[in-house]
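Structures incoming, each one as structure tokens.
In the two assemblies presented below, subunit A is common to both, partnered first by subunit B and then by subunit C.
Moving on, here comes the complex of A and B:
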């Protein structure tokens, strides 16, 4: 294990210990937040009892669907758009200002259109992620050296083959960055939407526990969301490091 | 070695200017016959259109006027049987050496066992056997260029186009790579068209050397080297090697000065 990794673990452990000390000393009210060891205990009880598994499965399915939609559609759109300079120039201002739009403000409208089911949550998770994917893919494609495109032409690859065999593989590290962003936005979009108007899912259960002062449910669920996000991002970061190391960049 | 393999007939290239201006006359008119199996080099000042000429022969771009023929047929698109090695590193960084070399064969309709054998043979020929599983980032610049050459010759092209392939390498490596190129040229029997800035490199490698003028590039001289086919970098020790490079420089000096003058550099 590298020295940096030891320091990283020490920082996280130190933060948890600080929270533990503040909670035990009463600086943080136990109604506001129980000590971390209680949260971990409740978390393992929740997991071993199989509580909320249906809620977790429903939320994760929606997160994965929103992520997949944002990633696939974003990658395809970015790849196609890269070949059409005028269309890209027209859309650039939209991409630049897109994240100034509060997508959650449209949630009531989406409910009117799609009902109270999973549709609005998926749409928000997708909408939050897709432009980040498009912009990241365009950024990666801009960096493909001309000589590789010429090599593709010399090897008589058509546009689709060039994208699949040359430009997108070159952009693999950018694809992973795009995937990390799409996943983060899908989690925010789906769980955030469940907080507002849904009647099921992890976000709904966290919100419900919050309004009922049920810390034994709320904090373990928050911990689970954190763990899922950290593990998924960690795996993609590890993969990204493997690719970059192979290319002599890291 | 007498039949015409590549023919350029009144070839010019004008790049359109932005805003509907007259455009940049980059090349020509060029008239040139390259013989089958010969090693032809082109030298010329910076920006004279050498690489444009190579791209015209490769079918990567089309002439504004005139025609380019390969094996008697006018080129439109990338012709079959042509391989190109570029100056820039064209290795695919996500593929190892073996997969890089095999990349060119993916569209060839030959049995998998034959493909494997050809890849192995070419990797061995280029001295990359111990690095077949290495990624380009783990190789030196010279070795990466050898991977690119291997990827080009594995399809057994009848015409190999080299666009300053050793430009980024140090002098010793360039000489040795030149030896390897000569060996490959003899082994494959392919016609080789080399673009280079280096007069000594052209003089060492080529059967004939075309000297180009400043932009728009025209052939102002074609020099026969009269070297034997069996040769290597030791040819530079010959008495008439110096005379040959002197002749090339004599033809080129004024053109290079014109180019520098355009760039505002006083000589």
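Moving on, here comes the complex of A and C:
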């Protein structure tokens, strides 16, 4: 095991032990947070009893839908936009400021337009992710070597074939980065929206448990959300490193 | 100069495009759920004449300002500490990136329980959004300082604080500024999000309250205000950012 890995494990373990000690010593009172070992116990009880599986499935389905929408539409838009220089120059300031805007502020508006359901949540998750995908794809397409484009022309490939057979495969690592960002944003968007206002879902249940002082439900659910996003992000990053290493970039 | 003009022209076309799309959406959806750009601006003008609006705006801005200061100060401290110690930096960077990508909103109930309902919960929530980007950019800036600068400092026998003040910090300023720019946006996101859940004051509360009252005017006006504010500040910060990076 590398020193870096040992360091990381020590940090996480140290943090959990510190929380445990603070809780047991009463510095953090029980109403605020149960000791970590109780949270872990509740977590395993919740999972083994299959509680909230419907909620989890619903949230995950929405997350995956928002992710797929952002990734597919973002990749298509980025690929098309790459061919139009003027359009790209005009949209550039939008891309540069997009992430400064609190997208969640649009949630109330979407609720008013579409009603309180899955639509507004999907839209928030999609909106958070799509621009990151577009920007990443554009960035990747900018790096396609001329020799590949020339080869495509020599083989008389049309624009669609060039994209599918030459440029997008070259951009594989960028596609993966885009997917990683879209997934992270879809999680943030969907769970965040559920938390603010919704009828169901993991975010909603966390908010509901909070209002009812139900720490035995709230903390395990928070732990689950954190685990899901950290594992998803970790897998994507790992895959990204594998691809980059194969290309000799990293 | 020509390029500057070109850029401004693009921004104007973009704004015209957004207004056109907005107007078309309004024509398609109608008065039930949307307002036109002009109606929104007119309503916002009226809203700004009420005292209630300024109370909420002041509350939001106060929370946001304190959160931003906390995010920048703590982010810089963490970034410098990790940047100067290679093992810590290598180990903590991926963990910070992982923290960056989790839905932090799920941590909000914990913050509420710890800080209680009130302005400090919002400040803490805004700050944790902003700290990570500031820390990450500072970390990478400190780490990528040109070795010759650090060697020069060592030759001159500078102490660690002197080294940070006279060499590392000036060399890292452009990158750090980028971090602060990103941190600014995320702190704003965090503060508004905090206000949208279990809060009684601020623009986020105003938004959520407007849903239950089905007050489309308020929703549109406040969303518009937040977007314009965020975009305007970010544009100014971007200009400074670019200058810093080119000047270096």
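Quick note on the criterion: the second predicted complex is superposed on the first by the 247 of 250 C-alpha atoms of A that agree within 3 Å, B and C clash if a C-alpha of one lies under 4 Å from a C-alpha of the other, contacts with A are read in each partner's own complex, and residues count from 1 in each chain.
Here, a residue touches a chain if its C-beta (ideal position, glycine included) is under 8 Å from a C-beta of that chain, and two chains touch if they have at least 3 such contacts.
In this text, all values refer to a predicted model and were calculated from it rather than measured experimentally.
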Problem - Three-chain arrangement built on subunit A, subunit B and subunit C clash or fit - result: fit
Exercise for the section: Would you check which partner chain A:210 touches, where first means subunit B only, second means subunit C only, and both and neither mean what they say? Expected result: second
Exercise for the section: Please work out whether A:49 is in contact with subunit B alone, subunit C alone, both, or neither, and reply first, second, both or neither. Expected result: neither
Exercise for the section: Kindly classify A:25 by the partners it touches after superposition: subunit B alone (first), subunit C alone (second), both, or neither? Expected result: neither
Handout entry: Superposed model, subunit A: greater residue contact from subunit B or subunit C
Key = C
Handout entry: Which of subunit B and subunit C A:169 touches, first, second, both or neither
Key = first
Problem - First (subunit B), second (subunit C), both or neither touched by A:1 - result: neither
Exercise for the section: Would you sort A:230 into first (subunit B), second (subunit C), both or neither based on which partner it touches? Expected result: second
Exercise for the section: Check whether A:160 is in contact with subunit B, with subunit C, with both or with neither, and answer first, second, both or neither. Expected result: neither
Handout entry: Following superposition on chain A: angle at subunit A, subunit B versus subunit C, Cα, nearest 10°
Key = 100
Handout entry: Overlay on shared chain A, then closest C-alpha pair between subunit B and subunit C (Å)
Key = 12
Problem - Footprint of subunit B on subunit A - complex, ascending - result: 145-148, 150-151, 153-157, 165-166, 169-170, 172, 243, 246-249
Problem - Residue numbers on subunit A that touch subunit C, as the complex places them - result: 3-5, 7-8, 11, 28, 31-33, 89-94, 96-97, 99-109, 111-113, 184, 187-188, 191-192, 195-197, 203, 206-207, 209-211, 218, 221-222, 225-226, 229-230, 233-234, 237
Practice task
Note which residues of subunit B are touching subunit A in the complex, please.
Solution key: 58, 60, 78, 82-84, 86, 88-90, 92-94, 103-104, 106-107, 135-138
Problem - subunit C residues within the subunit A interface of the complex - result: 6-7, 10-11, 13-14, 17-18, 29, 33-34, 87-88, 90-92, 94-95, 97-98, 101-110, 112-114, 182, 184-185, 188-189, 192-193, 196-198, 204, 207-208, 210-211, 214, 216, 219-220, 222-223, 226-227, 230-231, 233-235, 238
